[in-house]
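Think of it as A, B, C, D, E and F in the order they're written, each chain with its own count starting at 1.
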Amino acid sequence: MKKSYTKGAKISNSKGSRKTILNFLKGLLKKGSLDAVLIPMRVPAGDSYAWVLIKDKKLLDDANPIAPIMPVQGANALSSCTKKGKGNLKIAALMRPCEIRAAIELSKLNQVNLESVTLISYDCPGALPMSDYLQDPGEGEKVFDSLLKKRDRDVESVKPVCGICDNFSILPASDLHFGLSADSRDNILLIPNSKKGTGLLNKMDIKPSEDISSWAKNIEELKKVQEKKRKERFEYVKDMVEGFDSLVKTFSACVGCHNCESVCPVCYCRQCYFESETAKPDIESILLKTKNRGSISLPADRIMFHVGRMVHMSLSCVSCGLCTDACPVSIPVAELFSYVGDRTQQTFEYRSGEEKGEPIPMKTYRKEETKGINELVKGAEG
Amino acid sequence: MKPEGKDNFTPKIVGYLCNWCTYAAADMAGSSKLEIAPELTVIKVMCSSRIDFNMVLTTFFNGADGILIGGCHPGDCHYDKGNYYTRRRFALFKDIMKILKLDPERLQLSWISASEGNRYAEVVNSFTEKIKKLGPNPLNGNPYF
Amino acid sequence: MSKEFMPKIISFLCKWCTYSGADLAGTNRMKYPPSILPLRVMCSSRVNPVFLIKSFLHGADGVLIGGCHPGDCHYQSGNYYTRRRFAILTTIFDSLGLESERLKLSWISAAEGTKFVRVSTEFNEKIKSMGENPAKKKIFL
Amino acid sequence: MNSKDKILVIGAGIAGMEASLLLANAGRSVLLVEKLSLTGGNTIKNEDSFPNLECSTCMIAPIQQDILQNPNIEVMTLSTVKKVEGEAGNFNVTIDKKARYVSLVDCIGCGMCYEPCPVTLKNEWEENLSEKKAIYVPCEGSLPNVPAIDPEHCLQLNGKKSCNACVEACMFGAIDLSEKDEEVQVDVGAVIVATGFDMFDAGKISNLGYGKFPGVYTSMEFERLFASNGPTSGELVLRGGGESPRSIAIIHCVGRKELGYCSGVCCMDSFKYSHFLKNKLPDAKVYNIYSDICLPNKTYQIFYNKIKGEGGGFIFQSSPEDIEIKESSGKLGVNLTDRNGAAESLDVDMVILACAIVPGKESENLAESLGIELDGKGFFLTRKEDVGTVETSKAGIFVVGCAEGPKDIQNSVIQAEAAVGKAILIGEINGK
Amino acid sequence: MDKVLKIDISAEKGVVELLKYLLQNDRVSGVFTLRKTGSDGSFDYALITEPGLLEDAIPLHPFMHVNAGKILSALPSMRKPVAAVIKPCELRSFVELVKRSQGALDDFLLISYTCGGSFPYKTTVKGQTDKLLPEFWKAVKSGLDSDSIRPTCRACEYFVPMNADITISLIGEKDLDSKCSIFLHSGKSESMVEGFKAEISKGELDLSRFDSLVKKRKEQKEKDFKELNIQDSGLDGMIDIFGKCIGCHGCSRICPICHCILCDFESCAYDYDTSMIENELLGRGGVRVPTDTILYQIGRLSHMSFSCTGCGLCTEVCPADIPVSTIFRKTGEKVAGLFDYVPGKDVDEEIPVTIFKEEELSELGND
Amino acid sequence: MESKKTSSKIGVYICECGPNIADNIDIDTIIARLPSLEEYQNKELVVKRYKLLCSNEGKEFLENEIRENEFTHLVVAACSPRDHDTTFINVCKKTQLNPYLYKMVNIREQCAWIIPDKEKATEKAIRYIRAATSRVLKQSELIEKQLDIDPGVLVIGGGISGIETALSLAGKERKVYLVEKSSELGGKMNMFKELLPRQNGNRDIIEKKIEEVKKNESITIFLETELESAVGFLGNFEISLKNIKNNQPGAEFTVGAIVAATGFRLTDTGKLAQYKYSKESEVYTSLEIENMIKRDGKIVLKSGKEPESVGLIHCVGREEKGYCSQICCNYMLKFISFLQQQSDSIKIKDFYRDMCLPHKEDQGFFEEVKNKGADFIRISDVKIKGTHVEYTPIGKDKKEVDVDMVILAPAMEPEKGTEELAELFNVPLSETNFFQEEHQQLNPVETSIEGIFIVGACHGPAGISESMLQAQAASGKISTRLIPGKKIVPEVKVSEIMEDFCMGCRTCMDICSYGAITFDGELSVCVVNEAICRGCGNCAGSCPSGAIRAKHFTSAQIYQEIIEAIR
């Protein structure tokens, strides 16, 4: 059983949450407790954000720990620099909870090495849809700033999946957490959630001695609201994918660019199976299908791609919503996958990104399987 | 394209059978001259764990009316534990078909050991019957799959 | 920074001509700039244009390709392709406003030790005059 | 190949087959002699084998196939060893090879010959639970999948009537009723005896009612009754009645006292039956009536615990001799007398007698032919002056599996492998 | 001199009739065209072998969600050619692919038309297609640009098909709603349509009437290039433009010329190990991850810019609204210009990187 | 993926199997319809029928056909491949046609015999044959490789199992390396004086074996040494040893097989509340008694006096361990017998739960001891306080008794270090923490890694005879597989990983039953060791990137079959 941390440190929020976080990170870099920080930074043109691994603490001034949009999933960024081993750098990665969960999933798949990485999360207000932000970045910043100041969740302007996210705060798997929705806007709670996190606090001489229950209660309440919204929304989403016709209708605009796959953090393959030579619809199958059906829609196998991808990654889906952002024809991919993911994860009694080191369901088995699985294979026995 | 009604419907069923158990059972059923529905075509694999999602999807989306996966009983795998993984993969796949309401009934996993020639015949015949009742794979008229 | 700027010049040298030419320069105790970092390739046509882009974006101050003279290629026609690829790449650089002057192609045969020294020295000087590759300090590449 | 490189294996059960296959794969030539018309021994009769409940056919059929297809192995069915002369490295063996009347080469196993045969017989291999024709394979999936003719009952062969039905039915000319029994001489370098075991005759303990009451089964009968390729295709129906039992008593240690040894496998077999029954007839009551539970393997207790968890009564009873089985109005009454004097009676539909393992009937003759000894119990005796060995008193002759004493499959195979190691050296002595 | 067929029905219907004729008379194995897939205005490319299903065909619909050239290259050779109705840029893309052994012209009866342009993705996403169609066709009839077509199309000078077997004349055809003019350019097309009921004459598509449109489009192109303004700001300009790239590589996936199974820039050669990142950090103090954002763009330019047919799908598909196509066209034009190469013009002309001339580019390499 | 020959010519031969196939399937229809199928237009197809292909004439006919037609691919439609695959593979081999370019179709068991309607059976047969014909075109030649082997064997553990293994394997052409942790050979045997009666009582045999091992020139003994690493596969393991005393690297050499004979220890009775005993009390474990007999020649109390009453407790720790140690009942009988010989008047109280006597001689011994007056009490529970025994006979009330001496039979458990060794070998342990066999029944002394064997008490609780037999069994297996001078032919239908597409997620590695997949840290990709892979294809079924090709069962091949099957 994982030790649960119930204490945190209160730090002043007088300079705003972003500045407070940056100062904390700067302090760690200064003390040498960290070698580098992975953090979002606004691009020079000012119209987007990118992940930057910062070593030079001066550069931190330009970073924005809580970016209004999520153009690239943090787990992808982390994977790109730790996939091949832990290296010599002690890195802190400041990411949204869904990014942390994706990083945990990737670590189970050996695509991220967390050994020298400290995962730092915060109470996430959600992210703005990329297309909205790109329309007018200045306005986007403003909208997000106001979001950041609210204590409840505003779902109007955030991405649809953020609007129904019930996993926006501390997780079993992050090392350190910034409780932004603390009792008052004057304070931020700094909550260690692992030995690594406690270690960093110690280095900074911060004693996590404050009780965090009122913060936790607030989060719990928000979560309940979100859970309800999620459930309600899924009732609607369900109709978009149930049955052949709905599936076709939902994906009919798909142009087959596979952006959803390439931005997906847990689709870690170099080449998607469904683009590979192996899975390429072969000549015979196209001919055969055309002959049988009188016609065939092209490019072929678009539905196959989406359903196949659900099979491949729904168990690891963290509902980060990047797929929707990246879809040029605005298919609500993220909600569909979240819906399917929630259900398959339930069957396998698994929650993606909840626990480091837990094997992903397809890497393991039980001789006597869970009820959900047994239900599904019913008929096999005998 | 003439849509086949349920009455004059000859389903196309693919049976993935593991070399060591179910394929042997199929042989035994054959030697026993049991009457088995002709609609099932057998594809032999060394172990049921060889079957990946895409294979099932391809089969299904290409218009197969039913898919039967036959493997050794759990614990009997010739390769120690392959079929435990088959079971999980199958469950996941079926789950997704269920969620998407993509005719999950058309997919069946059965553990049939080498000595169960009778069971093989029963399973194939009843599965074929079931598929006949379900009617043609609706994907067959759908240009998208 | 008072320290004199010492460029880094990645040099892809074909084994049969230019690399031998460089060797010859060495054997004859001729001096050429230490900023030249020679990388031996079997033929200049092995140099994928992406190698040059990568070298450039990662901060190499200059990239030099050395190959046999047209018509002399050990593999018959490799360097003709090198030439086309180089032309394509510099055109791309130009149209993107990138400093294509930092890329250089030169034909230097095995006998042209002197030419190697001259080309490398001139190139080195040119790069020096251009200054450090700005890409070296860019974070968002 | 030099004759002394050839190895004779007697008995095509699991131990004999395993030994043959290993030797053949090492390039040695093997003569595998089997008294029945099929390979597989007793193991192939089981539906599943303990403790993993692995399907026996799945487990063994690939080996049987390999045996039949391996160019280094000659399988001689319906044959027994009559005489062995000579010494290690140089034995001369005389084999009594009974006519099969069906060519192993020409027959393709289509089974068209059974139907026309006018003679119907009890199928002994199926513990007389089913019938066969005078031309028969003992069960579905027999390997080699080629029938044999029972010369005692074939009308043509026993001279009762002129009948040519099977010959006419065969389109491959595979049946030759003029085939004669032969005596085959062969030179071998070593002999591995793997003749297996028989089951204790439960009829000898009269109070258990075997043979008297149809509801009383021996363990082997139950194995076949349960087997999916058996007489009822695995349907658990009582003899004659056609109904499934609702309560079953499994009596352990049948014959142990009479024989003076524990067979070491019957507890596990009984638990296996208990599991089968619970699985197939979830509402049935199953009682295990035992004296000592013997679980001589690191994994057996796990199995035992699992069976206990499945429910079913475990009743301690010191010895089956003190059990009295009676029948009244179709129900079997099992009267137990616990050592503590408390009597108990169970009403059941079926009784399974877990019979002890006894030496094969022909062990005595074979021992004599081979010139080796039996122990006091009738099993083959290994070299007295050694510990843990498969060697017999005669160099070059090895005994493995249940021919040496009761044991489970694991230990039979271990012995087979051990014998292979020893046998392979004979003829290779110079290399050593 | 080409043959011209004239029928007295609308152009779209005329094409469908022609397709139907081809299919019904077994001249072709199948038909490849856009077709309606639902009553909600959704549509798709389809390979059709059942003549009845041609009822839903909308061969001239001004929309391109995928480059048909790419799809054609993935289709198998069938017994007889497949009649394919595609846009000029798609046709040019297909020709480029054929040069790369990704398909064969003989497998198809290529039907194209003088193209008035396509709607952007967002038109269909917002469901505005039906509303905008009348205006579009009106503009086509009068030989002008519709307001609703993509900026890419408005800067496209190659709207008259090259290499088509059959060309349908649309731009400037005032009677589009009641007349359909079909130009047959090859012996292949002539024998294919033999027997098709139409008024047959000889004649050629009058190119001169497009002059003003070509001119206007060229001007628009130059304007676009200028607005892009990368040349002047160099590296910083690149960063400004590509800074928001999210690395989805959708541009390469949708690109008809990028036919690789696995893009080089996604291969393991571009995986970093941690020490390489550390190295990078030494010089810069900070480094963007995943790395190689600009490398990918310039790299891709070096791979295919000379074959860029300007179909504009990369811009459409970019989630970060980067004007990818404009950059590629601008660069591509220059690169192709080096070798007087026009992508997709002549199938026998080899792509610039597979051939060389001994006497060329003499200034390079000589000091 | 296709065969390297560019122009393919496929031979399709349909066996009539006498009337078995011919009567139920219209072969002429097949022959008529097959070549006209459009997809084979570019391939030359020869379709013929024959009355019985598996007959000698049939085989000859087929051979001639292949030679004359110069087929590149062959399809045989006949009975089950389980019956005759080998037959036709041999025909292919004879004619130099790569057998992996041939495929057998089962139109007897799976068509002719199970479908009464001839038309339907014919239709199905056509589908089958077409599937095979198009599949066979996607098949590629596979060449069987031959690997050199080192016939040498490494034996870990110098106890009786290790010694027996070494002795039965060592020979002129086979070196054996015997590695022992302690400073002497013999293992637990050094604590024994007497064996069981069924093991011939005296331990001279063992003494002799130890001497023999020492003298044998083909056996190299390493004392105070342990295994540092073992990398490789059957026929070729690279071994490095470590000297325990100075913690220095030891010898390095190559062997073809490894036998673990690391033995057992007794479970720690100190951890079991009901048997808590101190060294000072008159409570002894079985090994202490063995030792005492060896040292003193008798069983005595601390005072030196012989005990007058002895209580023996079986199954100490059995429930906790979850298994029966098999030999305890027997050696307890041995102690009783010894005590009975030591003193006529001795009072024996033997507390047991189930008497486990799984050998044919055991029960006789039990009767003998019992007849001499030992009191065997079947209990359901027992507890001791020093030599005060509280017990509950089965079905009765609790009782108490005081004895002079208590002898415990603690359960056997694997020797310390077993887990580490398993990890080093990458072989699994069973639920009971002993090594796990590859197959409990069919391959009982080998692990899931071919070439690594387990014998003696590290395999599971075992007595001396069982250990000796296991040692011989391992030797037997090794000597059939590692024949000096001969090569081994590994499975060719193995998996391979296309490194360009592998992401190194190691899903395949985690699920492989045989440890055939390793991770190449340098390239960050997984690699299949073809010498270990057995070709089940589980890895290919699991790979999300499609980077794994299961040879002869590639996706392309299977897809081809699918397409035809549902045409």
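Throughout what follows, contacts are C-beta pairs under 8 Å (C-beta built on N, C-alpha and C of every residue); 3 or more make two chains touch, one makes a residue touch a chain.
Fair warning: this is a prediction, and the values are worked out from it, not measured in the lab.
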Least hop count linking subunit B to subunit F through chains in contact: 1
Each chain counted as touching subunit D and subunit F at once: B
Greatest separation from subunit A - chain, by CA centre: D
Separation of mean Cα positions, subunit B and subunit A [Å, integer]: 37
Rounded Å distance, subunit D centre to subunit E centre (Cα mean): 75
Whole-Å gap separating subunit C and subunit F, where each centre is the average of the chain's CA atoms: 61
For subunit B paired with subunit E, centre-to-centre distance based on mean C-alpha positions, whole Å: 43
Subunit A, residues touching no fewer than two other chains: 41, 43-44, 50, 52, 59, 83-85, 248, 252, 270-271, 273, 276, 278-279, 284-285, 288, 294-297, 312, 362
Shared-contact residues (touching 2 or more other chains) in subunit C: 139-140
Residue list for subunit B, restricted to those that touch at least two other chains: 1, 24, 31, 33, 54, 58, 62-63, 75, 78, 81, 85, 89, 119, 143-144
Subunit A contact footprint on subunit F (complex, rising order): 39, 134, 500-507, 510-511, 521, 524, 542-546, 554-556, 559-560, 563-564, 566-567
Subunit C to subunit A touching residues, read off their complex: 139-140
Interfacial residue positions of subunit E with respect to subunit A in the complex: 30, 32, 35, 37-38, 40, 42, 44-50, 52-53, 65-66, 70-71, 74-76, 78, 121, 124-125, 236, 239-241, 243-244, 246-250, 253-254, 261-262, 266-268, 271-275, 277-278, 281, 284-291, 293, 313, 316-321
Residue ranges of subunit D touching subunit F (in the complex, touch as defined): 14, 18, 22-23, 25-27, 49, 51-52, 54, 59, 63, 65, 69, 105-106, 108-110, 112, 145, 171-172, 256, 260-262, 264, 292-302, 305, 316, 338, 340, 375, 377, 379, 384-390, 405-407, 409-411, 413-422, 424-425, 431-432
Contact set on subunit F toward subunit E in their complex: 38, 499-501, 523-525
